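After this come two complexes, each holding chain A, first together with chain B and then together with chain C.
After this line comes the complex of A and B, so read on.
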């Protein structure tokens, strides 16, 4: 179903050139996003998940950040008529083309609903601005009506009054709903949600997750959902990519990933969290060590210094490839790939 | 663990009202009842988990107990080797000396450590302030504590900025425990940490508890973490306790509708989990303007007329299981069921 393809990220590399050295925040990430599908990206702080999606919208501050390699192909055309693709990586981050895409074709919901609205304008004015900017056929007199309708769609009570409220007058959950209303106001084909529920309480988080799922069904958009919470990802994602230090280390369908995690890091993450539906363990099975400093990434596999299955002479010599182990399930680990092959590539200057 | 029934702390009818001041004359126009009549007890060597959503008063309760705040009313009785002390009545002088018995571990390892102090100074400061140790003895005790929390002696001359979040939290733990307190109030100690580091710090807190005979009040919003560390769990909603029970009992057999929803809202790391989620409508009540009757009634699915008028008292339903709900003994609520889980 190639016509369903909305976004193709190929070998994306976003590096930050700092005084201390180069931080390879995103170092060769590839994935596809399809219509109606949710891709979950999970990882700990510093794994590059936010930089990946900021790169898609070209929001990475430059300097110091630069997309040094790779393609971000946004496929055009409705209903299967693929009229070619734009490579977002080639666009001027301040140019008219990317600005026409942001908020219209791809929009984003941020973690902090407090800081992502401007405090000086009402919620309504900010939504109206988005609508007028991207939808030329809408008269300004109708835009307000549309804004109210968008607020109502995300379950905000008394939308006619809330439209004139300032962000600080709303609670965290309501602000996040308003944020979603703004993001969806131009019916984007792709919604990027960067930790949208992390700052919220569990009962509010449950409401927002349900809202996002329902809206996705209604609109049919694709979603990239970033989180560090394995419980949230299990609930919202169709496909999951696990990131560690700038690379995808494992990618599979959500059921396959949770039923059959293969990378030692994924296994470690799943084992280390308390599972509320199971018998309580006397101790949690923690992953040893900490995420290394970006300037001191171990040679070979980046996880090798914390890995319980570390194989000396192999894992510290080369970075394994992201190989398919079963159809649709890819893992970056020498436990599953041909060790000799990986090492020969290195010796041949790879 | 010490004698199972020996009490360390008893809190009776704790109230903390923050005045709302308006206008030029700062006239008080109302009160935010952050904590409104909380009673609980903690036994020696146990961990009491205190859970609830943001704004429910769980942090304020913890801060009142170590008297960072001067509570509006109520008793905080500390049993100290036969002596009984009401923390709320201590004078400033007495309080200063008493503080070494109770310490706090904070949520944010970035803002809770002074960036201009080295690890040695940070961890040694409480010993100096209380005149417990100085000079070489201080360094020895700091070094011992730093090793106990999993850091190395080479870290002592370093500043907080050179540590990761998890390591900073370890420094905060060392600073709290170096003077050998009896009671430690842990205020969301792992919620700012990365997933893989959370479990390390949870394990560390459990190890230190048995090594150093500590008693914890563990304040957090994450039910699964609280269950991991707590012997008993207290659930708080808008300034009041709604349920207190042994932790497994509370999870498997919740008796308050709010506890039930809280449990059902925990996101499960299991894509096959399709439990009917009990969604809460609306948001927590405003503690400055709490609804009459049961504070939870505007969001409660089982609400009846009496809930809108009468405040339900916290009563002991079965031994050790306290609930504040008019219909606690008749409601059939849904808890967790490990026997149904595939991996159990």
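After this line comes the complex of A and C, so read on.
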């Protein structure tokens, strides 16, 4: 199975150096992405999920953002021959190496279909641009045909006409389809979908999710899917990572996570979903408090100030490790990990 | 579809230009008195006897005794059907003759100024935006504030003084002395190009400074937009994606201001040309207005207005070409 590994993120830290101080947007995130699998990353706004995936493609604006530590290993080679890995974290964000990876090996679909395409050029022009950029053997005369084919594949009707349409002439759902067509035009090994359905209404949302799942089966690519919508994540993900304030707090297979949520934050998120079969609609059970200001993160566990299971003297003294509780299920919480271990570490560390 | 649009706009120009001609004529007639009062005053103060009959005869000769609509009708039909703009009293020459020498120069100075504004302001604005808060950005921000705040004629005076003090040259005029009255030749053209950059830079200064700020602001807005990140995530080089996407979007104000940049340049040019003694229409217009030389003033205002209207049309057509969103909304 090792050859199935496409991307390995190890202890990634992306910090923003601002006048007000350092914002640790991503603070030690690790995960693996395998061929044909979908990793869902879920969390509230500002938890660092977007910064994490932007870091992978080195799209974090610098200054102020910097990858201060960690590795982002993109494994090369196909069909079992792992010819080594490139550490994307070490590449020049403007260099030729990362540019050859962007759009070709790893491509991205964004949240805002309304503004994802440049307004001054046709959809086709922007797709053809990607094709010609990465596929040197394609003649410019054939690129248009390829673009039409890609549009057809994502279910756009009259693709040979839509290829000449400007973005403002298409609906949001159509634009997001075209965006997916563009992202897949060079058959990437990894597709990063950064809240691709958030801006769409629910019926279109379902269509786009179906489309993504179907295309993934067809092409066999890996997907990192970011959302703050638990329903969406349940539908698309194989593995789920829950993020809170720059760290993964819980990670498990999708069924395990929904059946057996262990971190109080994950439990809170799941509890806050209203259930359709409840007889009398109760008040929504929201998580207490708000996400703290990035400059005033509580000491110890970052969730300690909102946590219903807060243990004084423990949770406010150290950050728990992400430990495996059940095989394949890891949680960052002192309810499950050895309290003493975490505390002694702090004392040793000073 | 585009030709249809241009055709419709050209048709709309006709009533607009007629309206402008009426307004310019009426405006010039508005002050009390006329050119003959000024002329008689001048002659009398010089000691020449002018009888009332003579004045009346002159008045009839020039049609000044007729009602305003009649005068306008005479004026506009002469222009439209005979190409005759009337006679200037102060210069005792036909208006066409005076303008033939000056309007092309005014057009040259204006167009070159506009080109200078774009060629400098656009790249500087783009650089400032992509290197926001860098030393270079602060430098140009400082320069542009000075540029916006300093009137052109003052710049012209400062420039003249510096040129005189430092280099001991007189930077006045558009031609060296030997070419000033000479007919047009290759040498005269080269000579003009050697001089013309001074008024261009001075007249263009305020516009350049303003445009720089506009371009920087537009670019800063566009740079954070999703489509720029999309383009980057496709693997385009930074230069290519900047030029293709945000710069193109940011060019909108550059094109849409062509129309009102021209009158701005022309009115700014009047003062600067007075100071630098440049033979464009500006100084003549001022003189003509002071002397109530109505045919001359009216013709200049009329011709400059037409240039402005045409400039606006050109800017609209360019915008339609530049921005597909305008193209479809406008024609549909």
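Note that in this section the second predicted complex is superposed on the first by the 344 of 350 C-alpha atoms of A that agree within 3 Å, B and C clash if a C-alpha of one lies under 4 Å from a C-alpha of the other, contacts with A are read in each partner's own complex, and residues count from 1 in each chain.
One rule holds in what follows: a residue touches a chain if its C-beta (ideal position, glycine included) is under 8 Å from a C-beta of that chain, and two chains touch if they have at least 3 such contacts.
Quantities reported herein were computed from a predicted structural model and do not represent experimental measurements.
*Asks:* Which partner, once the models are overlaid, touches more of chain A's residues, chain C or chain B?
*Replies:* B
*Asks:* Taking the superposition as given, does A:314 touch the first partner, chain B, the second, chain C, both, or neither?
*Replies:* neither
*Asks:* Under the stated touch criterion, which partner chain does A:101 make contact with: chain B (first), chain C (second), both, or neither?
*Replies:* second
*Asks:* Touch test for A:110: chain B only (first), chain C only (second), both, or neither?
*Replies:* A:110: touches chain C, not chain B.
*Asks:* Just checking: does A:304 make contact with chain B only, chain C only, both, or neither of them? Give me first, second, both or neither.
*Replies:* neither
*Asks:* For A:38, select first, second, both or neither according to whether it touches chain B, chain C, the two together, or no partner.
*Replies:* A:38 sits against neither chain B nor chain C.
*Asks:* Which residues, counting only chain C, touch chain A once they are in their complex?
*Replies:* Going by the criterion above, the answer is residues 225-227, 229-238, 244-245, 248-249, 322-325, 328.
*Asks:* Considering the complex alone, what residue numbers of chain B touch chain A?
*Replies:* 53-54, 164-167, 194-200, 202-203, 206, 221-225, 227-228, 248, 251, 261-273, 277, 279-280, 283-284, 336-338, 340-341, 343-344
*Asks:* Chain B touches which residues of chain A in the complex?
*Replies:* Of all residues in chain A, those touching chain B are 44-45, 171-174, 201-207, 209-210, 228-235, 254-255, 258, 268-270, 272-281, 283-287, 290-291.
*Asks:* Flag every residue of chain A that touches chain C in the complex, lowest number first.
*Replies:* Within the complex, chain A contacts chain C at residues 57, 59, 94, 99-104, 107-108, 110-112, 115-122, 129-130, 133-134, 166, 168-169, 179, 182.
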